[in-house]
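Common to both upcoming complexes is chain A, partnered first by chain B, then by chain C.
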Partner chain A sequence: MLLSLAFRNLWRNGRRTLLTLSAMVVSLALLILALSIFSGMLRDILASATEQYHGHLVISRDDYQETHDLYTTMTEAHLPLAKIAASNPVQGLSPRLRGYGLVSHADSSYPAELLGIRPDAESGVTSLQRQLIAGTALAADDDHGAVLGASLARRLGVKPGDELVFVTQAADGSIGNDLLTVRGIFKTGDSGHDNGLLLVPLGWLQQTLALPGQVHEVALAITDPMTASASANQLRPLLPDGIHIVDWGTLLPEMREAIASFDVSRLIFSVILYFATGLGVLNTLFMSVMERTREFGILMAIGMRPRSIRLLVLLESALLGLLGASLGVMGGIALCAVMSDTGIDLSAWITPISYAGGTLPPRLRAVLELRNLLDPTLMLLFTTLLAGFFPARRAARLQPVAAIRMD
Partner chain B sequence: MRHSAIFSFLLVLLLLPTWATAADLRGLIRKVEQQYMGLSSKAVMTMSVRAEHWERSLTMESWSLGRDHFLVRILAPAKEAGVATLKAERNVWNYLPKVDRVIKVPPSMMGGAWMGSHITNDDLVKANHIDEDYTFELIEEAPDLYRIACLPKPEAAVVWGKVVYEIVRPQEVPGRVTYFDEKMAPVREIVFDEVTRIDGRTLPLRMTVQPLDKPGEKTIIHYDSIDFDININTAFFSLRNLKS
Partner chain C sequence: MTLSLAWRNLWRNRRRTLITLTAMSFSLMLVQGFHNLSYGVYAQMIDSGVRAGSGHIALYRGDYATSRDDRLTFAPGQLPGQIAALPGVTNVLQRLYLPALAQSSRESRGILLTGIDPAAEAMVNPLLAKLDLSTLLPTTDGRDALMGSRLLRELKLEIGQKFVVTAQGADGELASELLFVRGTVHSGIRSVDNSLVMVGRQRAALLAGRPETVHEIAVLLSAPDDSGDQLQRVRALLPAGEIQALPWDTAMPNLANAIKLDYASQKFIFLVIVIIVSIGVINTLLMAVMERLPEFGLLLALGASPWRLRAMVLCEALLLGLVAMFIGSLLGSLLTWYLAAIGIDLRRFLPESIEFGGVIFDPVLRATWDVRYMLQMAALMPLLAGLASFYPANRAARVAPAVAMRNN
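After this line comes the complex of A and B, so read on.
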């Protein structure tokens, strides 16, 4: 009975209700879109930070991730890689060996980092091999090819097909040196990698560094990078003593902070928007309660309890909120659908931005996550109920006689 | 004091500071510099390197001419035989027989280890220019030694904050050299011993390089044979000769 009464009350001043409703719908839809664009940026920058180099999770021994010490290796055959690969969230797994040394072509030599990989395994974890601007990726059976960063290639003056000499101190103290052939050149937008990283076959690097069968780390890709920490906990029991697994948040603390700051911006953004919306709802409900002072007085005089009056007004605001939320969610989903298909390409105006170890591509793209719908919707309902609370309390406290006498 | 290879770089200069204690420091240094120009040597030496994870020994053959030309080639072990380093003026090249390529050591790698030892490429290049890059001060004069502090000139591009030489008297050969970083903490020590008289010259045959932050590691260079004043000229120190 109260519910239908509340519903009918809403439409007694249809224009006002519709105006308030449209403010709610538009603010909710736009907020959903804005949060989804935030999510899109976040995904892009996180993907660039993890999928361009680190992977989502990394397995290594002792303090390797801090020291990058040549001797902190693991015997690949002793790692339970099959079990890890079969684990639920794991999508890709790449054993790697890392070496530092001098890369030389003709008269130019530069210090560089060599990442020994198995090309097919690495492609399941990082996108380096797909960001080529020249040449080809490393083939699975390549035994002395190299794919290197664009700036390094330019400084060395090499193009695909050219020869490189690599010299370093091998693990046995000897002078490790061998020839490489440039296969491809990648460009990530991350100056560190473009300037000094080469991908080389794992077997070749193991031989050159005199570390047969050894790897420094195993990089993993998982289904959802945002759950990396939980996945790390899940995989940890599989690992032998002394072997650790860390997530990208540990490897890239700046990125973790960047994401935390994104979360704070989301919150601030939502609160500002809903403060305005909430005032609008408050205004509507207050006006309608004031107008109906006499009516409430009569209702109370004929025996309606103050509690029911309060409930009635709260129901009105709840109905308004539900209506606004459902329409707003639909609008938000529609806007996101448009923005996720095409997005907005900004590359004509801005270049990629490097930030916190990741690279933000010049585009706006919406990624609809459940929390982008849920958070703003719940906040809208809460705001409307809060805005309904004060008029409801006022209505419930009316004295019947005084209220009836009001004009 | 005129002799070979790395020794000539370090030793020659070691002695410069002793001369520099005299009144006309710069004039003396120039005179000494002239004195060594054109003088040459050929040596066979053994370099033993002990590092945290490995220990190895290399036999090397070296030629030097004056202070700016130096060629060294590994004779053993077989795996690295033929690997060679050429220093001409202030440049360093390495030859790698396995890939048959010559690599010029870039400025950014000058601080890197030379042949896996505790001697850096910079030591090869800069050590024997210490008279140009540093100022000298006699801090102790005892009957059996001089102790001399070398401080870099403000504009000099050098790696050390201070170098302290102990020169043994009366032979005037180096005994110990301590290297300090920019914070004036000692980081490396070179000890010279087995002082022997060869070919009319008195010189230490053994040099031990000790990185002070890694007590378990060291590099020992021992001279097995040295010949002085050999018939050699600058043309010998060519990239072509580096390869053969």
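After this line comes the complex of A and C, so read on.
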């Protein structure tokens, strides 16, 4: 009975209730949108570091990830790759060899990092081969092709079909020196990769560096990058001694920090917004309690307990909160749907921003995660209940006689 | 008279007015305080960024800023001295950048060889701030080098050991040079720590086969050049030709864009706050109008014009806005004062220095006063309240006297 009473009370002043509701709905819907845009940025910057280069998880020997030591290799045939590939979260797996040296074309030479890969395996882990602006990706049977970054290609003055010379120090102490043919040119927006990264066939690099059958690391892609740490723990027992598996958070501590600071801004953002919303709800509920002072007095005089009165006002605020929350969630989902996929393209206004080991592409798009709905909704309900608390207390403390005489 | 009537009307329901005032004042406080905090943090990021990077004003030949084509060197000639003599210029830094390959006995890595004037640079470049004076490069043409901390580890080198740097000379031939590690630079930015090698400017120019030339002249000013006057003065000194002077935000788009994006997200929050506060003000005024409908009817019956009623509701709103403006600005100033004097210390939450947009900034965030912005936001309050009063005022003016009075 209290519930239906509370509901009817809300609509005794429909305009006021609607205005308060609209403040709640606007704040909740926009907050859901803002948090989802944050999530989108986070996904983008994380993807730029992992899905454009590192992978979500990396297997390597000893301290290779710290030093990139040429000699810290693993024999590919000794790794339980088939077993790892068959594990649950693993989506793709790419054995790689890494070399540093000078690449030259005609009379230009620049330093570069060469990543020896198997094209089809690498495509399951990173998207570099799908971000081409010219030429084609490496074919599976290509034995001396190369795909390189756009800025490097421009500085070297090469286009697909041109020849490159790569010079480096091989593992046996000799000077490794071989020819490559440019197949494609990628552009990621990450200045480091666009400026100095080449993808070459694994076999070719193993031969040039005199490291036959050896790899430096195995990069893995998993279903959900946010569970990388748990997946690493799950895969660890499969690995032989001395071989380690690390997740992107360990590999890129600055990225982990950036994501942690995103979480802090989410919180500040929400608190500020709900502060303003909460005061609005408080105002409405106080008003409605004040103008019903006499009514509460009568209710008490005919035997309603103060506790029930308090419950009635709290129920009104809870109903208001639930109504606002459900409409706000719908609004938020609708806004996110509009802003998903590509979202707003900012490339005319800003260029990609590199920081924390990743690159933020110039776009705003919303990625709706469950917590983006849940956190703000719970906070809104909490805020409305809190805002209902003081008016409810006031109503419950009224003295029936004085209240009826008032007005 | 309308004014004093409006003022009295506001206080007929004290609690309602107070709650609305609180919401408005606190919102103004938050907007002012957080804007000033960002303003301070951005200023600090820019300061750190221009010192390590392009300066407030950067001189390049041709499109070096975007193409990074190493052939675009130029002879500085008399320019550094002339620019240094301009008022407001604190430092003029000449630099040369050379992509190169560094090799130790075991490893090789791609690096960015940066030629600097050690004495001039040491005082201002934040990358060198933590460096012990004894590890400074002694000359501009010596073989001593400073190396990024991660690069040092990857090359398996120790301080004092030698390494070889190979780069392409002006004639297209590769040239190599033997250098010695004199000290390390640890910035916390991965792309710097794994690729930076600093040597004397003349040593780098010799290796590049372009003696006595530079890629960049970075001009540091005593205060940011918001008006662009300093840029004009520097431009006036440039000889006719390819050399250009650029402001920092053109020379370092990464930093400028990081700030733009961050500020845009902040503006979004401010916008939402403004919407919510406006709805709150509409709500309050509407409530105040609705409960006084009989009164308005009476006033109309007594011959007050609808415009008079509109003016009165507008006056109430403006008064509300003005009071919120004063209280909010006072609170905003207090918040700014706190954030400027004490700041927010992030060291408790984050382990190391913070990087954003490619620069490192102090983990103690401090606000800087932006009085003009505070005044603009303060003026927004009465304006907003005035706009919010439009609907309630209309409602009051449109009552039919007889119906309104019967309504009681």
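Of note:
One rule holds for everything that comes next: the second predicted complex is superposed on the first by the 405 of 407 C-alpha atoms of A that agree within 3 Å, B and C clash if a C-alpha of one lies under 4 Å from a C-alpha of the other, contacts with A are read in each partner's own complex, and residues count from 1 in each chain.
Rule of thumb we're sticking to: a residue touches a chain if its C-beta (ideal position, glycine included) is under 8 Å from a C-beta of that chain, and two chains touch if they have at least 3 such contacts.
On a predicted model such as this, the values are computed, not experimentally measured, just so you know.
With both complexes brought onto chain A, simultaneous placement of chain B and chain C is prevented by a clash. Of the two partner chains placed around the shared chain by superposition, chain C is the only one that A:67 touches, whereas chain B remains out of contact. Looking at the superposition, the partner that touches the larger set of chain A residues, chain B or chain C, turns out to be C. When both complexes are overlaid on chain A, the residue A:107 reaches chain B and chain C alike. When the shared chain is aligned, no partner comes close enough to touch A:244: not chain B, not chain C. Of the two partner chains, chain B is the only one that A:171 touches; chain C does not reach it.
With both structures placed on the common chain, the touch criterion links A:179 to chain B but leaves chain C unconnected.
When both complexes are overlaid on chain A, the residue A:20 reaches chain C alone and has no touch with chain B. Of the two partner chains placed around the shared chain by superposition, chain C is the only one that A:277 touches, whereas chain B remains out of contact. In the superposition on the C-alpha atoms of chain A, the part of chain A touched by chain B in one complex and by chain C in the other spans residues 71, 102, 107-111, 169. By the touch criterion given at the top, residues 71, 102, 104, 107-111, 165, 167, 169, 171-175, 177-179 of chain A touch chain B in their complex. Chain B meets chain A in the complex at residues 49, 51-56, 79-80, 83, 94, 96, 98-99, 101, 103-106, 108-109, 112-113, 115-116. Interface residues of chain A, counted against chain C in their complex, comprise 13, 15-16, 19-20, 22-23, 26-27, 30-31, 34, 37, 66-71, 100-102, 106-113, 151, 154-155, 168-169, 191-192, 196, 252, 254, 257, 260-261, 264, 269, 272-273, 275-277, 279-280, 282-284, 286-287, 290-291, 346, 349-351, 353-357, 360, 362.
Chain C meets chain A in the complex at residues 13, 15-16, 19-20, 22-23, 26-27, 30, 34, 67-69, 99-101, 103, 106-111, 153-154, 156, 166, 168, 171-174, 188, 190-191, 253-254, 257-258, 260-261, 265, 268-269, 272-273, 275-277, 279-280, 282-284, 286-287, 290-291, 349-352, 354-358.
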